[in-house]
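Scrolling down, you'll hit the structures one after another.
In what comes next, chain A is part of two complexes: it sits with chain B in the first one and with chain C in the second one.
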Partner chain A sequence: MTEIKKTYKNYVDGKYVRSESGKTYTIDLKSESYELPLTSKKDLRDAVTSSKKGFDSWKGLSQYNKTQIIYRLSEMLEGNRDSYVDLLLEHGLTKSTANKDIDNAINTLVWYAGLADKWEQLTGNLNPVDGEFFNISHQEPLGIVFTLNSDEVSIDKLVRSFLPALSTGCSVINLSEKNAVLSLKLAEDVNNSDIPAGTLNLLSGDFSKVYDDVSRHVEINAFASYKKLNKEILKTINENASTSVKRIFHLPSEDGLSSILPFIETKTVWHPKGR
Partner chain B sequence: MSKIKDQTMSSKVSWESTIGLLDSVKVDEVGVKERVSSLSTRSIKRESKLQALNYVVSMCDLTTLEGEDTEGKIHQMTAKAIKPDPTDDDVPSAAAVCVYPSLVSTAKEIIGTSNVKVASVSSYFPSGQVPIESKLLDTQYAIDEGADEIDIVINRKAFFEGDYRKVFDEIVALKEACGDKHLKTILEVGELRTYDNIKKASLIALGAGSDFIKTSTGKISNGSSKEACLVMAKAVYEFKESTGFSAGIKVAGGIRNSKDAIRYLIIIKEELGEEWLSPNFFRFGASSLLDDVLRQIRKLKTNAYQSSYYFPRG
Partner chain C sequence: MDKWEYSESIESDSIVSIQSKYGHFIDGKFSTPNSKKYLKTVSPSTEEVLASISIGNKNDVDSAVNSAKEGLKTWSKTAPSERAKYLYKLARLIQERSREFAVLESMDGGKPIKESRDFDLPQVAANFFYFAGWADKLDISWGTKEMKPYGVVGQIIPWNFPLLMLAWKVAPALATGNTVVLKPAETTPLTALLFAELCEEIGLPKGVFNLVTGDGTTGSELVNHEGISKIAFTGSTSVGKYIQNAVGERDIGLTLELGGKAANIVYNDAALDQAVEGVVNGIFFNQGHVCCAGSRLLLQEDIHDEFINKLEKRMQTLRVGNPLDKNTDIGAINSKEQLEKITSLVNEGVNDGGELFQIECDLPSSGYWFRPSLFTNVQPSYNIAREEIFGPVLTTLTFRTPEEAVEIANNTEYGLSAGVWTEKGSKILWTADRLDAGVIWANTFNKFDPSSPFGGYKESGFGREGGRHGLLSYLKVQS
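Right, the complex of A and B next:
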């Protein structure tokens, strides 16, 4: 059988696109090398523009529908399980680690699918106040979130770097660096899972080339790095972000309910109770 | 209808010489496309970009033409036209606000002493499918309400029936009603389809005394195009050569981002000269364009991509 090689591209606005700069970088795996788009400032800007639309479409769906869609993504992964395992082996993982990782990723997806229509009950609150009022803390998704994936070769880590924000209703731009083949492979299943165009954009590249623009871009509401960043970069990011009051989360929780807390904000509603 | 015929005298040039200009209309379609695509690839330096964007703001006719327009909406939009970016004094006012006749007085009231003009569409915009008597009434009403500029549509029915004389006469009559108010004549290039038609309609409108020719109503899916703008610019140039009268151009419909707007400026500058880079001779009719331009201006100044929610709505 002839082997057909794939050209992986960025996944932006529901389409597979090359970097407009035309630049690529190489990732060497066991048996072959992959050329992936090196995301430029312009690509980032396009991704933000599409995320803005994506946020509106995603927000417009019912929580229940979001649950179904994320669950559908887990089904897609399960259906293509073998190809993920092969790719992980190509990255140098052992067979048992690869199998375990894809199982974990599927479980993680199912867990966040379940959370998507429940987090609001879990994080919202009726607050005790002195007076004849209901005082309700109502939670809302932040908006457009940029997340940086860790360099670990793991599908589970990858999905954990966008699911917390995604399941609350945020739209996500996710950048992977050294392990971006995994992310752009996943893009194919994301594309088949009914996630609206622009809601989840998957990019590959070098974070050090775009972090300045990421942190300055007024339309990105939060930045979460699941990869450890050095102090210098983190300092610049925080300074840049302050001009637009962007929220910065360095190595936020990847587990449980606390993982979604960075991506929601509280609206407090007062309502008279009557006697 | 005899009332119209009498007014033919007030046109810039006679019907006879206008028809003379129409005879020689032959637009090279391939040439137009080539020229537009070569002008569209120009790169603009940062400094010039800022200047160009400020031009675009000052040439903007901030427009709302919806059945759902209310006084509140006009309030908001007019305030924005006067001071598009309240945090930046270097950003100029827009050229005008463009509204339906029933909202002219509201806009006029808010404008007060500022330089922003109030433009009103009339002549039963956007179809113009009524008798000339009704169009005149519509226009007169807008003027009585205080409109400084009037945007009319040409009679496309007559144009496609080959009755160019009727198209001409109606514009003459409407210009007469406008007196010294600026008259902008909308050709609706999306419906005219061919470049020959666009040029013919441009020359008819110019001959009949329009101060501006305008591409589109913004009410059909084929709005303005750079090619149509180029053809119109050529008509304006020809008209100036033969009559000495300089008319303006307004592009409207579908121009949503700064990059596009700057390309229109390049076409105008190259075809007609720097003199035309002024709100007196070139306008953008737009509702969402201004937001993008304001964002780009601030991006150039702060180096950070901007969000629309830091700018006034309108």
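Right, the complex of A and C next:
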């Protein structure tokens, strides 16, 4: 029987889609080559439109619900771990490294699942202001975040490039380049995990083709790169971002509480006390 | 309405001594500037020249940054608890010389003495006290030890709260172990120069605090200097954008505290007299030279006429005049340039079709003044409803439902602050949840405290000043 090869597509708005441009790029793995969508400017705009909707849906869920959904994603990975290990082996990892990586990724998912309903308690507080006032600082998700995954062959690195923003309630557009097969494979589990359509869009392609639009797009509230960018690209990004005071994070923290700090806004509310 | 006449009660300016010419404060002492250019800082209430200030050039900024680099060697070896003591000493000294600072602030900037004396100076001292105590608790502030100071920080501050903005910037930067090069605003440098004298007096290690005076060109030299690891800026959104652009390929820290066009929402179930007081304080505090000023009054339609009537009556009691008179509510507009900007926007508002109410009062014959002003019958598309006027000008819009109030309030690129007036607690929380603003005052306005984080959403900038959150602006995550 002829083996059927899987076609990987971008994951946007809860659907698997090809690039509207029809363009692809090739990722060569050990035994097979894959043609992946080369995300275009139009694809990016579609992803942003979907992310706006995804942000509202995600925001509408309780933190408790978000926790369960991210935990559900870890269950999906656990259930499919063999297929992830196989794919990592295809990328050239050793069996032990591959096993360790999927273990790490699952643990990372579980950690952030548990953070989703706690980070507000860790980052907000009452402020002891002078005078008869109730004053509280609490946090809100920044909005639509575009993140760039590193080129490391790792599911753990991949999930760490969207979980900090996602677990705080942002919607995320995540782009992977050289290891995008892993990301688009993960999209299948994302799709089965009850994450609302548009909340997490996973794209493949070449960042150098879209960074100008990513940094210019006024509806993307923040950009975080988990991959070291060259100076020329960083310069253009900062220049473009300045037109709408977009938040730019180059190599932000990938673990612990500090990993989520870029993606939250502090809102402080005052009210007098009295009789 | 009849107004009781007050006798003048002028705060004496004999307590301040102003030099005719100032240099920069670098390496722990005042030095002769490399730049030969000077500008004159004038009193906006008399147009009298107070002093000549150096316009720092590239060499001056270089010296200051190098001094800060040297200072970092000492400062990073200074025990956190010792760093704290320097800040406590500064706080004490500011309290002791508070009257001198307040008079100088009012002379140089034009704000009423009752504000510089009762608001600015107590807040300045409180900021140094507050952040002093954090210096030796950084490891427990955010539950992580992986955060470290940036190093040399470049700070640029505005003219509306000159010494208070210095305190907001310098106190947390030094507490977290950074060293500083500060550029005060060109129209209000005098209290910062006096602060530098205090640093010398308490024996703050050389190079820890450096001050370069000047104008936009000096600020630009500082922003573009390769020796700084972080920029902290408070000022207009347009300059903020210039700075973010100038960061370019440099991987440095940046916090921006920019403009605002805050909505002050008054629901029909608000305590109206209290709301009138809050709205007046929200826009006329410090001549409206406040980035978080409640400059857009959003009134629920059915209380519009009653509220405007009360508001106009209350506005008419405001006393405009000599900043050093203890009875003055509204002082001088900070500069000729700012007065021209306000005048031009207000004229535009009238031409657009807005209905303008200005209080009747005599204005001094010299100096820069603007009557407290209220616009009604305004469309949201008018510039007076969209642009930051940064003066004593309030623009009124109306709404029917809470949903509409939120929509109008958020319909701006800015997101610094907002006000909500209602006696219904659930409505406050519902509204506050939906407003895109970093600071929300409910049944109050323009309240500040060192422990309370301040900063904006959207194009009002990023990063927070004040509180535990303010520490994050001066600490970076070590990777």
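Please note the rule applied: the second predicted complex is superposed on the first by the 272 of 275 C-alpha atoms of A that agree within 3 Å, B and C clash if a C-alpha of one lies under 4 Å from a C-alpha of the other, contacts with A are read in each partner's own complex, and residues count from 1 in each chain.
Convention: a residue touches a chain if its C-beta (ideal position, glycine included) is under 8 Å from a C-beta of that chain, and two chains touch if they have at least 3 such contacts.
What you see is a predicted model; the values in this text were computed from it and never measured.
Superposition of the two structures on chain A leaves chain B and chain C fitting side by side, clash-free. With chain A as the common frame, chain A serves as the apex of an angle whose CA-centre rays point to chain B and chain C; its value is 80 degrees, to a multiple of 10. When both complexes are overlaid on chain A, the residue A:60 reaches neither chain B nor chain C.
After superposition on the shared chain, chain A has more residues touched by C, the comparison being chain B against chain C. By the touch criterion defined above, A:252 reaches chain C but does not reach chain B. When the two complexes are overlaid on their common chain A, residue A:244 makes contact with chain B and with chain C alike. When the two structures are aligned on the shared chain, A:269 is found in touch with chain C, with no touch to chain B. Distance between chain B and chain C in the overlay is 5 Å (nearest C-alpha pair, rounded to whole angstrom). According to the touch criterion, the shared surface of chain A, contacted by chain B in one complex and chain C in the other, consists of residues 243-244.
Of all residues in chain A, those touching chain B in their complex are 45, 48, 213, 216-219, 240, 243-244.
Residues of chain A that touch chain C in their complex: 122, 125, 127-131, 133, 135, 137, 231-232, 234-235, 238-239, 241-245, 247, 250-253, 256-258, 261, 265-272. For chain B in complex with chain A, the touching residues are 302-307, 310.
The part of chain C that touches chain A in the complex is made up of residues 126, 142-144, 146-147, 237, 240-245, 247-249, 251, 256, 258, 413, 428, 432, 437-444, 447, 449, 451-455, 457-462, 464, 467-469, 472, 477, 479.
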